[in-house]
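Note that the chains are named A, B, C and D in the order they appear, and that numbering of residues resets to 1 at the start of each chain.
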Amino acid sequence: MSLDLAAQAERVVVEILDDFRSGRHRGVVVDSPPGAGKSTLVVRTAVALASVGERLMIVAQTNEQVDDLTTSLSAAVPAGLTIGRLASSAYVRPARLAALANVLVDKDVGNLLSCEIVIATAARWAYVKDRCWPWAILDEAYQMRSDSLLAIAARFERALFVGDPGQLDPFSVVENDRWRGLNWDPMQSAVAGLLRSNPDLPVHRLPVSWRLPASAENVVATAFYPYTGFRTSAEPGDRELTFGTRAFGRSSVDALLSEAAATGWGFYELPARHTLRTDAEAVCAVADVVRRFLDRGAIARSGNDSRPITAQRIAVGTAHRAQAAAARQALFDLPEVTVDTANRLQGREYDLTIVLHPLSGRRDATAFHLEAGRLCVLTSRHRQACVVVGRVGIRELLDAHPSSEPVHLHEPVKFPDGWAANQTVMNHLYAHRIAA
Amino acid sequence: MSAVSSYAKALAVAAGRAVPIATRRHVYLSDRPLVFVPLALAGEANAPLAAMIGTSPHDPYMLLVPQPRNRDLRFGFAASLAEVVLAYVRSCTARFEVVGTDRLFLDAPQLLVPNAAGLGFVKLLGRSTRFRRTNGPYPVPAGVPLLGRWLTHLGERSEHPGSSAMLAMTQTLSAHWASGQSAVEDANLAALLGWIDPPEGVCGSEAALAAEDPLVWPPAGPSTDPAFDNEVLAPAIRAYQSATPDSPKRRRAVETLERELRGQMEPTWRLMWHAIKVLRRLPAAETVETRWTADRRDFSRYHDYLSTDGRPQARRDGAVAAARRLQSLEREQTTFDAARALDDPLVMASYRVTGEAFQGTVVSVDRNRRILSERGRRVTRPKVVVGTGDPVHLPVGESLRAPQRIKQNARITEIARSADGVLVTLELDGGMGRAAVPAPGSVPEVGDEITYTSVYPDAIRSPDLPPTDQTPWTHGGPPRPYVPTDDDAREAWE
Amino acid sequence: MVFRVTSAAEALERRIDELRTAVRKAVTAGERERAMALRGALRRAEREWEDALDELADQPAVLVPRQAGPLLPLREQVHQALTLLGSPAAPKLIIAVHEAFHVGEMVPARLTSLRRDEERSFRSSPHSRPYYLCSALTADLLAPARGLLAVSTWPMALRVIGPLSPRVDFLNSAIRLAEHLDRIPEPGPTARRLLWRFAANIPGGAASADAMTPTVVAQAAEAELKIHRDADRSHREAAAKRARQLPDVEQLFGNRLRSISATGT
Amino acid sequence: MDNLQERLRHIRGSAAEKRHNARTVAALTSNPGCARRAVLDAAGVDKDRLARHVGFPAKFGQSQFAITRGNAFEAQVKANGYAELLRLLRETLGLEIREVGSTNLEDVGGNTGQEVRHARSRQKLTSAAADPNAAATFYDHPLLRLDVGGSRVYLEPDLVAFHHDGVFHVVEIKSFAVIDNQADARKVAAAATQSAVYVLALRRLLGDDKVAHEVVLVCPKDFSNQPVATKVDVRKQLIVLNHQLSRLTRIESLVEALPPTLTLDLAPDDDGKFSRPAAEVIAALGEIEARYAPGCLATCEMAFFCRQEASGCTATLGLSVREELGGVETVAEALGLADGILVEGDDQAEVAAMLRTTARIFGSVAA
């Protein structure tokens, strides 16, 4: 990768740290495109503060995120510092945490006050009372809903909000427009609300994605980060996908694999048909592709480091839970392969992702299926290649989609537009399509 | 739309009449609901034109505004509406019980409007009247500001899932019946009832089609039929306008308006009571009473508030108010969805179709099974195996409940699929009494028909939020407390 | 006798209802011609009905007693209002001014026909009246400016409307209204409300209706006026020069036929 | 292309062409998948009259109260030298005090011909863009032009405001109320799309950078007549419009697919009565495929006809219902598969299974 990119990224990180630590602003926002070193930034900031004796709290959204952060923090903090992992009573401490000497796990925040760093989920923090930390870091802040920020805002004096604006918005089981247009609309994301109430807060952007291959830079940036964009650290040729074995015969799946290997993208196009969400044929195709990658002994090279792609390094992404369940069934013999919905794949990274296109086999698109964040998550988890499986007719579906979205006054327009993003991605995939 | 209700719609098309999607009535129906059929003048911001209102099908009050653009006439309308509504509210406060320290009225107002637009009309009418003053500049008749507060209260209450304080008839009906037409057309009360209870010898689709003819079935409002506006209303209003006050001409103009507008509202009025009759045929669901108690509690609380503080509701929710409201709405939504399913096998059916619940027969029971708990104590954990033909899409480890034994937790320990169905093994916990052996009847028996669902009302607690005057900087800081101003009272309504 | 009239009235009433329904049927079915014919019948029936009932009515409808006071002919009233405003104005404003300072109502419909009557009278016998209520002219084409009335005796430059003129005239009128309110002893609420409508739209005009004082309104208007005045004047005078070359009738009522050197601004 | 125009003229028949306007152009985005609507609009067919002739008149007439109110409100905010608008735009756009110049483009010296008006509007607007200092600020009812699928469409925004920074803003005046800063989201959406059409036309005339993507929406405030101005970002609407306009080229292929003799001529006789038998017209319409959805009822004159035509199809029950029924085309088929009367094709196996399960479970509890 080019050094100036690294330097540029480093410069931004330093600016962020200065901006935050200067105490000039109560809040500093950091937008991070996929794999741009969000967690690294969180850990680095935490260590920087903790090692000069500052006390801070860290907020993440899911227990898994919290445990991930705890693990990497525990490895990063200088000796003598301890990390307090605040948990709910239902929480069972995973093995990987049990091993860590400098991590205290407790239900009661009172027992963790000796820790320089206390970390917990937003939900857990909401039940901490009458304590206040001088510093806070909120991770995955775009997945957090504005009202849950309201519940914990009194716990800190100033905070660093880190997150990926391109990912899925938080949602609610309630449909109600009464708060539309209010700066503090509780249904919006924490960051969106924060910035509407505090428009002068500095917003930084991590400029470089360390995860995505060069082949993903253009399409992902134009589709999902239209006004900001980003660069990939990997340059053409930095990443390479090869196979230990040669193709068996001349099957379309092998054609797909070589397209993916050559370009980093593949669109496996099944014949047109209107199907249920759990389109057995499509699910089958997804499973076949996964298997073939493994059978062919796919090897991922990144820079000078080459490793065979194991099942753990492969993810299957879907829109609906039912689809994930069906795919898991189809891959029952490969439990190491991650099979999940976009919501749960947020923030994860793999060598290969195989995606069941949210619009595959549908007769019409709903806001859910068009949501830009969903497609963004699905098409930006990979280091090497992303293969999308879908049926003929998605483009026609998009073209025929009636745009009947209501417009609410004083509500900032959210970009990218899901429909437009889908168009962009589809046009891109079309150049990589292999007919099943 | 669930798989079941969609399938029911298909059945309705074939059957030529609506198909029930509920075996119970999931809303409360007062013995004397206040039925309200409002009309508004096209093109204006919620300008009342006329209304029929009352608690008995036979003697509705009729209110009208001969010149809806005239501010005073509008407030005149609001004033007479206030008389009716406030009297009704008062009538609900006759009897009360005392729960703990506070007073709980045994009755509460229930306002029934034809459709969702009707709900909107009530909310806006509340908004346009609650800030008024009966003194100072631009005074309005007594009762108007109070009307505004109550209408706003009912409007806000109606947003709470499971509340029956104010219902839109079309929504209530389509929650219990699937018609053979789309949701768009279901918004037409006459058409929807045409499917649910068509006249003798007419099939639903015909009845619905007839219902779309504004001459036969005038729109249920608040907006009127444009042709009526242009051909009847406009000339009538002009006649009123041009006639000199108190002249016979003007009296006749008013008579004409009254006759014509009555003609526009009466059919809907009859439909509303027809719909009520149809709904009464359904037995109330188990938890309806509980939810209505919540409505009564809220009503009692607000009634007390008015007698103490009584300032009008704010224009918009502040940050804390909004978050708090969202919390309770979400809580109520999940509870309501679950409760409906537990109360009503036909509602439960849609969860069975999606595999979140299943119905089957108990094939084996290990009644007195005891195991060591994490704390090392021996505890009773019976195991039952249920065989079902339903699709089961539940993971092992999921906790389920059976409607009949809602206190008893049942955790899935094993799922065995075979050609002739699914065998689900469940470990029971709780609801079996103190003794070492489960109390009689507390564990299902072999051969029992039983339903288990992953969707059940659970104690959802939500965290405390800061007090309003401590709204944090992230949400714009503490708002300025609302102080009524002359401008609120002035706000030209013309 | 009376009985016969009532029954007649009732018969008519029934017929009216039928006709109404018929009209709406036709409209809904989109049968325009039919609807039109039926409407005619309906209006006739309604008229008959009114008459029938008038006979019934114990006494004829009494007219509301108007406050006494000399009722000037319409053109005089309009002239009054325009003179007060001192610049070309639209009928709506003229009526508002009239109602603010004079008794008796002005009928908008008659106002629209007024300009045509004036033009006819001028064409038949030019310059026979002391003044005519004429058009304001657009500066570029010297065509009649939409819906603006002016007075023939005003200087041409005042009667042509350049790009800035609508605002300038608005501010001028505001000043003159304010001064007038100061002059007259007891300005009524209508008069104050009229001035408020101006003040509300002038920077620094008045904080609220109650806080408004004519002097401040005038000053605020003057302050903004300073910024536009010169540019507007040069526009108008240039245009006026061109306008004076028009035949008399067109100088008053504008040219619709050809466009004189339309220099876009 | 000429050939295409010829075909379209033949489809329209003897009737005068019904030109596009801002509303119909906006409607291109409301059901872009409908070939029938695409062809009828391209051919300039009077859909309202057609629908009446075949016995399914459109049901969205407008109340004169709404119309009167609309006109009155626009007149009011523009009255007295744009007094109210000026105050609002000084606040929302930060106009300077000196920016008050106005040009009324409703007519050209009494001439209201479209060509003349458009020429004048174009000349005024372009010269303003070229020389901001000499420019006026308000351009009242300019007549713009947009190429829609090869035909010229005239568009007339309520007002275009020119800001000293050299950018034009479309100002849309609507009479629906903004109450406590909220308004009917559908009406706002419609206004936004309509304004986006104007923005598009202006941008094609003056260049993208010259026309703001934020339009100013002026509505009555709360329950009063006082106007309030709100900026509305129409970038999304612009994306969709651009896309759908670029897709209009497909009309050619749509028309080619139709029988060459196809016409919707209603054959008016000497005294204007339509002599063509409805049955014939219906048959002709049947040749052009429609894509009915309940949403059409609110937006398309032909909707009631298409609904009738589509009766028995799952689409008439709503798109979500159709999906829940496995995307099966007709109700009969769905039910047939559900109770196993119909033999399913391999491609229907899953749908059939799902429907059977639903039927069984429903049957097991429904009395």
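Quick note on the criterion: contacts are C-beta pairs under 8 Å (C-beta built on N, C-alpha and C of every residue); 3 or more make two chains touch, one makes a residue touch a chain.
Bear in mind the structure is a predicted one, so any value in this text is a computation, not a measurement.
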Please find which chain has its CA centre nearest to the centre of all protein CA atoms in view. D
Greatest separation from chain C - chain, by CA centre: A
In whole angstrom, what separates the CA-based centres of chain C and chain D? 35
So how far apart, in whole Å, are chain A and chain B when each is placed at the average of its C-alpha atoms? 38
Could you work out how far the Cα centre of chain A sits from that of chain C, in whole Å? 65
Give the residues of chain B touching no fewer than two other chains, as numbers and ranges. 227, 230, 316
Mark out which residues of chain C touch at least two other chains, giving numbers and ranges. 27-28
Quick check on chain D: which residues sit in contact with 2+ other chains? 59, 61, 181, 295, 320, 354
Interchain contacts, given as pairs of chains that touch: A-B, A-D, B-C, B-D, C-D
Over in the complex, which chain A residues touch chain B? Could you list them? 26-27, 123, 126-127, 129, 146-147, 149-151, 153-154, 172-174, 176, 178-179, 182-187, 190, 193-194, 197-198, 322, 325
The answer for chain A against chain D in the complex is residues 177, 180-181, 273-276, 278-280, 362-364, 366, 396, 399-410, 412-413, 415, 417, 419-420, 423
Could you pull out which chain D residues touch chain B in their complex? 59-70, 175-177, 179-181, 220, 222-226, 294-295, 297-298, 311-312, 314, 316-318, 320-321, 324-325, 331-332, 334-335, 338, 354-355, 357-362, 364-367
So in the complex, which bits of chain B are touching chain D? 1-11, 13-14, 19-20, 23, 41-46, 124, 127-128, 180-185, 205, 212, 224, 226-227, 229-230, 233-234, 315-316, 345-346, 348-349, 352-353, 359, 389-391, 491-494
What residues of chain B sit close enough to touch chain A in their complex? 159, 161, 316-320, 322-323, 326-327, 329-330, 333-334, 393, 463-466, 470-477
